[in-house]
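Heads up, there are several structures right after this.
Okay, so chain A shows up in both of these, paired with chain B first and chain C after.
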Partner chain A sequence: MTSVGPPIVRRRRSRISWRATAIALASTVVVAGGLAWVVVNAPGWAEVQTDFLNGPIFWASLPGLIAAFGKNVELFLIAELLILPLGLVIAVMRGLPGPVFFPVRLLATVYVDIFRALPGILVIFILGFGIPGLAIDGIPNDPFFWAIVALTFIYAAYVSEVYRAGIESIHPSQDAAARSLGLTRFQSLRHVVLPQAVRRVVPPLLNDFIGLQKDTVLVSFIGVVEIFRTAQIKEAALFNFTPYLAVALVFIVLTIPLARLTDWLVARDKRQRTAGSAR
Partner chain B sequence: MHKTTILSIGLIAVLAAACSGGAASPSAAPTSAASATPAAVVSTAPSVAPSPSPDACAAANLTLTTSGKLTIATDNPAFPPYFAENADGHKTSPWALGDPTNGQGFESAVAYALATKLGFTKDQVAWVYIPFDNSFKPGAKTFDFDINEVSFTPARAQAVDMTDGYYVVNQAVVSFAANPIAKVTSIAALAPFRLGAQVGTTSYSTITDVIKPTVDPRVYDTNDAAIAGLKGKQIDGIVTDLPTAFYMSGAQLTKGTVVGQFAAPTGANAEHFSLVLAKGSSLTTCLNGAIAAITADGSLAAITKEWLSDKASAPVFTP
Partner chain C sequence: MTATGPAAVREALEIEGLHKSFGSLEVLRGIDLVVDEHEVICLIGASGSGKSTLLRCINLLEPIDAGRIVLAGQEISADGVDIDRIRRRIGIVFQAYNLFPHMSVLDNVTLGPRRVLKVSRAQAEADADELLARFGLADKRNEVPDRLSGGQQQRVAIVRALAMKPDILLLDEVTSALDPELVAEVLNVIRELAASGMTMIIATHEMSFARDIADRVCFLDAGTVCEIGPPGQVLSEPREPRTRQFLQRVLEAGRL
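So, the complex of A and B:
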C-alpha cells in the first residue's frame, strides 16, 4: 500500500495520479451531464417526471412500502438459512466418488440441472398453485410457505454449484495429505477441504444471496403481498409509476452496503493470507 | 480507492444537479392542456358533453393514431361477458378467448356502437392488444381509446383522460358453494374470511375499504391466478365485478356460486367503467358525446340488457 522509491519519483507519481483523476472527473461530468441534458430535454420528460418521479407520491408511498418490505426480509432470511445447508449437501452429494454413489450423484445432478433450467417464476407458480390445488390433507396451502420452498429449491441449485466450484478448487494434495495422516474421507472433507472451500466462495455466495433478495418479489405472483405487490397496488390506484421507483431505492439501499461488505471481506481475507506468507 | 471515491462523488453531484434542475417544473406541462377536458366530471348518467362544434367530432376531422382508423385497445384474453368467443370457434389473432372484432359481448358491442355514432364503419375499427398497465404508461399511445372495464377514480383521471361512464358497476363475491363463505349474507360476516382480488382493481379497494377484513387479503396479477388461489384453498372467496363473478361461477369454477353482490352504487360516487384515453386527447369530448347519444337513444341499455342481464339473481349483502 505504501509508495516506494525516492521522494522525487513519488512526487511525480502523485502529480500524474492527480492529473489522471482530474481528467477522469472532467470526462465523467461531460458524459453524465450530456446524458442528463438529453433526458431533461426529451419531449416526454415532463410527463415522465409526473408519472415516474412524482415527489408527493414518492413520500406518501415510501412508509407503506418499507413496512411491506418486512415480508421480503422474512422470505430471504428464512430461505437463505435453508439454502446454505441444502446447497452444501447437494454439492457434497455430487462430489462423492465411486460407483456405489452413482445414484446419489445422478440425483444431485438432475436436481441442479432442472432447477437451474426452470425460470424461477414457473417454479413459484407450480409449487404455489399446483401443490395446494391437489388438496392433500396435511400439506400446507399457505402461499408464503410455498414461496419459501420454491426460493429454497431454486437457489440451492445455484449455491450447490458455487460450493462445488469451491471444493474442486482445493488441490487434491490437501485431501491426499489429510488421508495419509489417517483421517477418513469424511473427516478430510469436514476438517480440511470444506473449511478452505467455503472461505473461498463467500463472495459468490453473497452474490447469490443478493440475487435471492431481489427474487423475493417474484412470490407476489402467488398472492403474497410484499413490497412489489404493494407498489403495484398503489400504481394501479393512482395510475402512477413512482412507487416502483421507491421500491428500486429500497433494494439499492439494501444491496449496495452488502456488496461493499463482500468486497471488504474478500480484501480482509486476502490480507490475512498474504500477511502470513510475507513473513 | 481514492480516485474512485472522487469520481463517485463527482457523478452523484452531477446527477443531483440534473434532478434538482428538472424538479423545478414539477407538473407543469402534462396537466395544463388537460384541464379543459371534462373527464373529471363524475355522474351516473353520462352528461351531455358540449362538443365544440358538430364537425369537430366527425370521423374525418378526428386526430387519430392511424388516420382513417379508429384504433381501440383492450387486454388479452378478453373475457366474457365483456367480449365473446365466435360461435364457430375461430380465433382472430391475437385474441385468445373473446374476440373483440365480432361486436359480440358487452364492451365490444359498446365500442362498435360508439364507433358508429362517431361515423366509422365496422371496417374502420381496428383492435390492438394493450395490457392493463400499458394503457396508462407515459409516452405516445398506440390506440385512440382503451375499453377494458377500467373503473373511474379521480386519482386515475390525473394520469389519463377518462370518459363518462358507460356502465355502473357493482362488486360481488364468488366462491365454491361448499365453502362456509357461501352462506354469508352480510358485509360484516365477510370480515373473518380470507379474500382475494386482482391487483389494482377497485375490487381490491372494496376488500380494504368496504369489507375491512380481519385477515390480510391476497392479491393476484389476474383473476385467473385468483381462481388458482381459490382452488388451492388459499383464499375463501374472490371479489370481482358482478358480470365477471357470474362468468367465473358459471364457466371457470365447478360448483361455483356468486355469494352476493354489494348494493348497487348510486349517485355521484357510483363506480363506473370509463374509456381510457391519452391525457388531453381531442377525442374525449367526442366520446362523451357519443356515450350520451347511445344512452339517450336506449341502445346502451339494450346492449347492457343483452350481455349483462344476470344481475338480478345474486343476493345483495346487508351491511
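So, the complex of A and C:
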C-alpha cells in the first residue's frame, strides 16, 4: 500500500506543474502579444522604428558606446572603493556611545541627513561646478575628479545607513561576550560585531552598488564624457534616438546579473538563518 | 610548604552595599558578599531576584549605582579604573553561550588571549588545544559554533573564559538553556573546575548540583542576600521563611 502512494502523488504533482507552466506561458503570450499589437499599430510606429529602433544606427553606435562605458565602469569602481570604507566610518561614528562623542555623532547624522535629502544631480552640480569655480590653488578642476567625489559623498550616506542597520542587528550579547573577555570597545567592534554585521548587509550593499552604477550617467551633466554623453553626441549628429536604446541595453546587460546575484545571496542568507533558528 | 590555616585564606572578591536599578526598577538593594579564594558560591533564587544582574555588575558589564566591588584587594568599582584590564581577570559564562558564530571554536577561544593578552597565535592555539582536549572538545576545534550541540557550545564558552586565566569565574545559569540530557556534561566541567580550585560564583537553578558543589549557598530574594551558608544548612535547614518558601516551590517543581 505505502509503496503505491508516492508515484501517484508524483504523477499528480507533475501534471499540476505542467498545467501551471502552460497557463503561465499562455498568459504571457497573450499579454506580450497584446502589447506588441498596440505598439505596432500605434499611429507613430513607423517613425519610432526609424528614430529609436534603427538597426544600422544601433550597430554603428554600439562599439563607441561600449568604449565610452569604460568611463562609467571606472567611475563606479573607484567610487565604490571609496564609498565602502567611508560609509563604514560614518556608521561607526553614528554608533559611538556616551556624551563625549556627541559632536562626532552629530556630525555623522547631519552628513547623512543632508546627502540623503539632496537630489544627486544637485550634489553633482554643486561640487562639479561650484568648487572648481572658487579657483583655489591646488584644488583640481577636473570634472572626473568631482564626479567621483560627488558620487562617493551621495552613496556613502546611503551605505552608512545600511551598515548601521547591520550593526544594530547584531545582538548586544555578542558585544557583552567580547567585552567580558577584556576586549576594548574598538576591538569588540573590529573582531566581533562588524564581521557579522557586514556579512549580513552584503545584499543591500549590492543593491546600492547597482544604484551607483546607474547614477554614473548623471555626471555627464558636469562634462564627463561617458556612455550617456557619448549617446547624446551621436544623437545630435544623427538626429536619431537609437543610441539611447543601446545605452539602455548596456545597463540592462550589466545590472540584471547583479540583481540576480543579490536575490540569490538574500535567499541563501535566509536559508542559513532559518536553518540556524530551527536548532 | 604552603601556608595552612586561616592566614592562607584570602579574599578573592568583596562586595559591599551594592545597589543597582534599571530605571525605576531596583534590582539589587544592598548586596554584601565576600568570596574567598578557591571558594565556590552558588547563587540561588527566583527569576528576577537579581542573580544575573549581580554577576553582570561584578564583571562591570553593568555600571553600579552605589556600593563597592573589591577584586583581590583592588576596588574595581572606583572611578578611573581601567575596566578592560579588570574584565580580563574575571571570566563570565552566559546562559545563551554567546559564542561568536562567525569564528571557529579555536578562534573563539584564542580571541581574548591574542587580542587582549597579546599572546602569539602559536602559543594561544597551543594553550587552546590543551584546554579543548581537557574538556573533550579537541575534535571540535575547527567547527563553527552552530554545528555543535548546546552542551558542546556551553563547554566551548567555558573554555573561552578559562583561556584568559581569570582569577574568578562567574557562571550565569549556564545549564538553563540546555536540553536536559546535555546538562550533565556541562555540570561535570564545572565540577572539575571546582576540584582544580577555581574561584567561582554560580547562579543556578540546579539545587542538587548546588548542594553537591558549593562551599556556600547564597539565597537572593528581591535584590538582597536573604540567607547564606553551607549548602547543608541553607538547602536542608533554612532559617529564613522566604528561603523555605522558595525551596518548597522548587521542590514542587521537581527540581530538588
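Following the convention adopted for this analysis, the second predicted complex is superposed on the first by the 258 of 279 C-alpha atoms of A that agree within 3 Å, B and C clash if a C-alpha of one lies under 4 Å from a C-alpha of the other, contacts with A are read in each partner's own complex, and residues count from 1 in each chain.
What we mean here is this: a residue touches a chain if its C-beta (ideal position, glycine included) is under 8 Å from a C-beta of that chain, and two chains touch if they have at least 3 such contacts.
Keep in mind it's a predicted model, so treat the numbers as computed, not measured.
S.K.: Following the superposition defined at the top, how do chain B and chain C come out on chain A, clash or fit?
M.R.: They fit side by side.
S.K.: Have a look at where A:Leu183 lands relative to chain B and chain C in the superposition and call it first, second, both or neither.
M.R.: second
S.K.: Between chain B and chain C, whom does A:His191 touch in the aligned arrangement: first, second, both, or neither?
M.R.: The answer is second: A:His191 touches chain C but not chain B.
S.K.: Using the superposed model, give me the angle at chain A's CA centre between the CA centres of chain B and chain C, as a multiple of 10 °.
M.R.: With chain A as the vertex, chain B and chain C sit 160 degrees apart.
S.K.: I'd like to know which partner A:Gln174 touches here: chain B for first, chain C for second, both or neither.
M.R.: The second partner, chain C, only.
S.K.: Quick check for you: in the superposed arrangement, does A:Gly44 touch first (chain B), second (chain C), both or neither?
M.R.: first
S.K.: State whether chain B or chain C is in contact with more residues of chain A in the superposed arrangement.
M.R.: B
S.K.: Using only C-alpha atoms, work out how near chain B sits to chain C after the chain A superposition, in angstrom.
M.R.: 29
S.K.: Across the two complexes, what residues of chain A are contacted by chain B and by chain C?
M.R.: Overlap of chain B and chain C footprints on chain A: empty.
S.K.: In their complex, what parts of chain C are in touch with chain A?
M.R.: Residues of chain C touching chain A: 59, 61, 84-85, 87-88, 90-92, 94, 96, 98-102, 111-112, 115-117, 146, 160-161, 164.
S.K.: Touching chain B in the complex: which residues of chain A?
M.R.: Going by the criterion above, the answer is residues 17, 20-21, 24-25, 28-29, 32-33, 36-37, 39-40, 44-55, 128-129, 131-133, 135, 141-143, 220-225, 229, 232-233, 235-241.
S.K.: Chain C touches which residues of chain A in the complex?
M.R.: It is residues 173-174, 176-184, 187, 191-192, 195-196, 199, 276, 279 of chain A that touch chain C.
S.K.: State the interface residues of chain B toward chain A in the complex, per the touch definition above.
M.R.: Residues 2-3, 6-7, 10-11, 14-15, 17-19, 21-23, 25-31, 132-133, 136-139, 153, 155-156, 158-160, 196, 199-201, 204-205, 216-221, 225-226, 228-229, 231-235, 279 of chain B touch chain A in their complex.
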